[in-house]
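Listed next: structures, encoded as structure tokens.
You will see chain A twice below: alongside chain B first, and alongside chain C after that.
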Partner chain A sequence: MTRSGNGARWIWVFAVALALAVPWAFHNFQTGRDSGFVLSMLSQMGMMVILSLSYNMLLGQAGLFSLCHATFFGIGGYATVHFLNAAGAGSLPLPMEVIPLLSGLTGLGLALIFGYMATKQRATAFAMITMGIGELMATAALMFHSFFGGEGGVTTNRMIDHSLFGLTYASGMQVYYLILVWTLICAGSMYFLTQTPLGRMANATRDNYERAQFMGYDPRVVRFLQFSLSGLFAGVGGGLYAITYEIVTFDALAAPLSANALLMAYIGGTTVFGGPILGAVLITLLQSGVSLLSNSWLVYVGVLFISMVMFAPAGLSGLIIAHGPIAAAGRLRRLTVPYLRLVVPFLALVLGFVGLVELMSFLTIGAAQGKKLVLFGSAINIEATQPWLISVVCLLGGGAWLRWEARAFHRVWESLTADLKQRDRV
Partner chain B sequence: MEIFVISLLNGLVYGMLLFMLASGLTLIFSMMGVLNFAHASIYMIGAYLAFQVSRVVGFFPALIIAPLLCGAIGAAIEIWGLRKVHHNGHIAELLFTFGLVFIVQRGVQMTWGMLPMPYRVPALLDFPLFQIYGANFPAYRAFMLLISGGMLLSTWLLLKKTRVGLIIQAALTHPNMVSALGHNVPMVFTTVFAGGCLLAGLAGVIGGNYQTTEPGMAEAMGPIVFVVVVFGGLGSLAGCFIASILMGMIQTFAVVIDYSVADLLRPLGLALKADNLLMEVLTVPIARIGALLPFAMMILILLFRPRGLMGTRDT
Partner chain C sequence: MTALSLRDVRKNFGATEIIRGVTLDIQPGERHCIIGPNGAGKTTLFNLISGRFPITSGEISLNNTRIDQQPPHLINRAGLSRSFQITSIFQRLSVFENLRCALLWSMGYRYSFWSALWRQKALNEKAEFLLEDLNLASRRDIPAGLLSYAEQRALEIGMTIAGGASVILLDEPTAGMSNTETDYAMALIRRVTQGKTLLMVEHDMKVVFDLADTITVLVYGQVIASGPPETVRSSRAVQEAYLGALEE
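Showing the complex of A and B:
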């Protein structure tokens, strides 16, 4: 236990060090300029980590499937724009570093109201109420112009000339470090919350509702507190969003962002505290990378998500943790060959699938946009049968082969874990 | 008066369309406890398939073929998807159908492109049926009423008067007992899921050319259908029917009401100006917040009557 505990601690230290160092790896020291793309991606990651971690306070820790998480993120963002405008005009004497706290309090305020309604129910009814709340707020944002600014959103200027450390926040680098600090504060407090009686009771109401009631706790109060606090953190995330982009529109509040929070948390893994962080980083990376290359980003995420739901409900972090006992017993090497045997059919399957999706989307959407499909530097004629045939063969052949290899892999895995169990007993 | 009658007719048409979608969803939801997020996606697939099929064989054969294809898709989803994740609990099933929405959304865009399809009302039905206060009532809307009314009747007969219907009804409330009596409950589930998808597909066929067949149609319809199902209550087709008609009416009537709360206050000598959020809420005309009303109503009913209008148990 201590060994894995130490290992986990080193992973955290490493992650923080990486987050501190990465912008400098892309910093051009000759010209003294930062890479704008990398910085904005990293900033986005920070916000998304807060969003998905706070979402996991509901889905993972309390078993509540919420569909309105972006509401609190968005309201934090909108409020922050108004705070910044007030601060810029001199009527709000607060330094920049403290403003995200105000955004969080706005999120908390709204979450208290909506949480009171939504947490009367659980499971599917809870999901439905939150969907209603999300749609309600998204429609309202388009209708009421004085606060939400309608379709155009509201804009601000983050250079309010008031900072604890004398920073101007003119450069992306300064903003990134502000985001990083707030992300660490939020992640730290959310981790702390999981260790408190509230966090434990949230787990209890998730696992066995009736027993939690018998113990004398009101599950509704537990859900309500958990929901409100997750709204607080989402609000902080929204505040950082407003500070980074200096504009907040309907997108920051609408259903696609709520769905994104769910995808990040679930793909990363909801059973481990760090899972949503992994998910947020990975999805943001993919989103910035793949969406530049391909139109079909949503299909890939959808398929990834569905395969996780079907085959790995504990998410990526759950998959990694499943290797823990085998690694501890020093048997990880015995999995190398089975893993290597999975690689080729898996790649063939992915290649076939991606090929078909891209060919199809180029036939319709790409044609409408006048784009040409270019793979490995050569233009591919999408009208010819050859690429289609190759993709179909790869998809079907790879699928069948992968199924076969997966069975073999499963056998090896089972025998290994059976071995370990035997050893434990002896 | 004329606005009232025309809105009433339009509300009825829209409400019946909603009911076709919602009735399938209610059956699936009450039986399997799965709220199928992808239901509106099936509706969209139905419209696209109808467009594709009707180009080859004409509208009326497509009216039968497209829903059947949707039913087959539904059966496939149930057998190879939902059944596999069933043992992971309801949340996993919800998540599964939630993921399907993305795939269908993008898949439709990939297959048919981003632009609306030229899926039109068949020439045979493209004439004004009668005039009312100088406005034409298209024959196609009457046809929609006919189809949805016929569907309502046949579903009701199927559920109340046949043996299959009895088993389905029993499985709605007592799945374990039905299984103990030797009926194949998973098979019943697949049938109901496929049947629900078939109805959604049929709604897509007649709704696709009433509205527009475009990639955003599932997104536009989805939330409203959930509202109807939750509002009507679990396990009650009658509640679902009332809720559908009610939502249809609200949506069409809200558009023509140009009053706001501020107008009510005006006789009291209060004049409000829309310069901050609160004042804006009070002065916005009902016509502009029409889209908001169904969600507000759903939240209210879940708060005060969690089982919905006529539901037999809590959602």
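Showing the complex of A and C:
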């Protein structure tokens, strides 16, 4: 919660440099062509980073469990399609670079209305109202054709021929950099918000709703403002979505995307500002990478989510931060061997699980699609008992072994942290 | 002018009447202690004054303005601040942040999302100063939830007085503290409530007779005696109902 130290600052510099450079690592300098796959994946990451960070303004920072975050992302997207169409037709004289701001304002407008309703309630009632709002908007999207375009959604053309820098946005590279700049603006602003009186009081009402009241603050107003601002950023994300894909459908505001926002923020970690970024990047990688390899990628995301909830409720960033004190004391090396000992049983467990999931999936969906299960370059006969047997053995054996090793790891960890505490006291 | 005035205040929880017609006037600058056996309704009375629960009937005024229909945050803005018998702090925020939060409204920041906290020199200095005052400087960046019990109690007092309210309600601020801790806390309370109106619930009779200008004895939701310490100490009704029981 304090201002990030020097180490953290370098991580940010590195992350931005990486985001700037990655497209060029996949650029073919002989033919002058970009990698479309990489660019669209990176663009998607940008939007998802905005979505998950803005979701964490609620979940992590204000303790608000919202189930309708995609509503504001989606409305930003739909509105942007109309903005772009108007701009293309010449009736909206705005350059491309500032259009995402309009998308954000659309998100803000809707969040003001829904936030007013939802933040009157707390805890479970709040979650239920947001769920109702999400369903309401999803239904509306299918009913009001002139704005939402029904099942087919609405389409646009981003080449509106109006840019501050004379760009056409015909290439994915230009779009990516537009997204990157807006992602940085949004992330920067959201970080700034965490360092303001409102941001701090959002944390305070998360920790102790009641006490905030006896310090002059109306916690409902704090939450209402926080909710609205989070809608603003989600709207920007939706605008970038519309610009990238030039089509916005039901998917951009329906419940699965709201669930995704939750998933990304949680897996990345809600207790640190940057956690949701990690989650967004990881989930997008899985989505783009694993979904090419396997029909069952959602199963893996689900299992990852459940494991995080069970074993690492502070998310990936929380896991990393837990190593901070040990690293500061220069004892990180004492964890090397215990970690290495986790690797083999962990891989066995994963192999067994993935094997079973894939075998089952190929038994049903794969067969229908006429695909063959290929592993390590050779086709595998899914009717034979051997692959099933190996998977089960890996899963059970790996699981038992991992449990054993995890206990040993835990003991080392405990003794290390106990040592540190002892040292602190002296 | 009275700083705080209660007129025939009553409170029912369901069918049981817990506060049964309390009338009380507290003058500005007074150090007023409320004593009474467990379950007498002392905390409930604080909850009514600070707006945590609505009253069933009666009137409560702060500086001659009715506050009994107002929500807690408005009562606080009108100049009344309270602490909690069961420590109520922001567990995951650092000790420093807890104090800074307690200062924000009184220093006019309202719901600002455009001012950066790290640049607010006066605010930060005040929070640091409080931290020193509470003897918590060495715990500055620790999550408040990890403080020891006595430290949390000190923080609780600090958060209550931070906003500079003119009327301070402290609910058993020294409960569960050792003798040295109690002495330290009482010195602190004396210092920080200088020139303010203090209304305090306290079980420790030594503390009470040391500090109070006026003592009110509450038994079963009713005031059975109220006045200067000597008068209360020698009151028969009090001896019978309360003090006697303690001295046995």
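Rule of thumb we're sticking to: the second predicted complex is superposed on the first by the 422 of 426 C-alpha atoms of A that agree within 3 Å, B and C clash if a C-alpha of one lies under 4 Å from a C-alpha of the other, contacts with A are read in each partner's own complex, and residues count from 1 in each chain.
In this text, a residue touches a chain if its C-beta (ideal position, glycine included) is under 8 Å from a C-beta of that chain, and two chains touch if they have at least 3 such contacts.
Not measured: the values here are computed from a predicted model.
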{"item": "Which of chain B and chain C A:T364 touches, first, second, both or neither", "value": "first"}
{"item": "First, second, both or neither for A:F214, with chain B first and chain C second", "value": "second"}
{"item": "First (chain B), second (chain C), both or neither touched by A:L193", "value": "second"}
{"item": "Touched partner set for A:G90, first chain B, second chain C, both or neither", "value": "neither"}
{"item": "First, second, both or neither for A:G36, with chain B first and chain C second", "value": "neither"}
{"item": "Which of chain B and chain C A:N203 touches, first, second, both or neither", "value": "second"}
{"item": "Which of chain B and chain C A:G152 touches, first, second, both or neither", "value": "neither"}
{"item": "Common interface positions of chain A, toward chain B and toward chain C", "value": "none"}
{"item": "Chain A-touching residues of chain C, taken from the complex the two chains share", "value": "50, 52, 71-73, 76-77, 81-82, 84, 88-94, 97, 100-102, 104-106, 109-118, 141, 159, 163"}
{"item": "Touching residues (chain side chain B, partner chain A) in the complex", "value": "33, 35, 81, 84-85, 88, 90-92, 94-96, 98-103, 105-107, 109-115, 223, 226-227, 230, 274-277, 279-281, 284, 288-289, 291-292, 295-296, 298-299, 302-303, 306, 314-315"}
{"item": "Of chain A, residues touching chain B in the complex", "value": "59, 63, 65, 117, 120-121, 123-125, 127-129, 131-133, 135-136, 139-140, 143-147, 259, 262, 266, 296, 298-299, 301-303, 305-306, 309-310, 313, 357, 360-361, 364-365, 367-368"}
{"item": "Residue ranges of chain A touching chain C (in the complex, touch as defined)", "value": "1-3, 192-193, 195-201, 203-204, 206-208, 210-218, 221-222, 225, 229"}
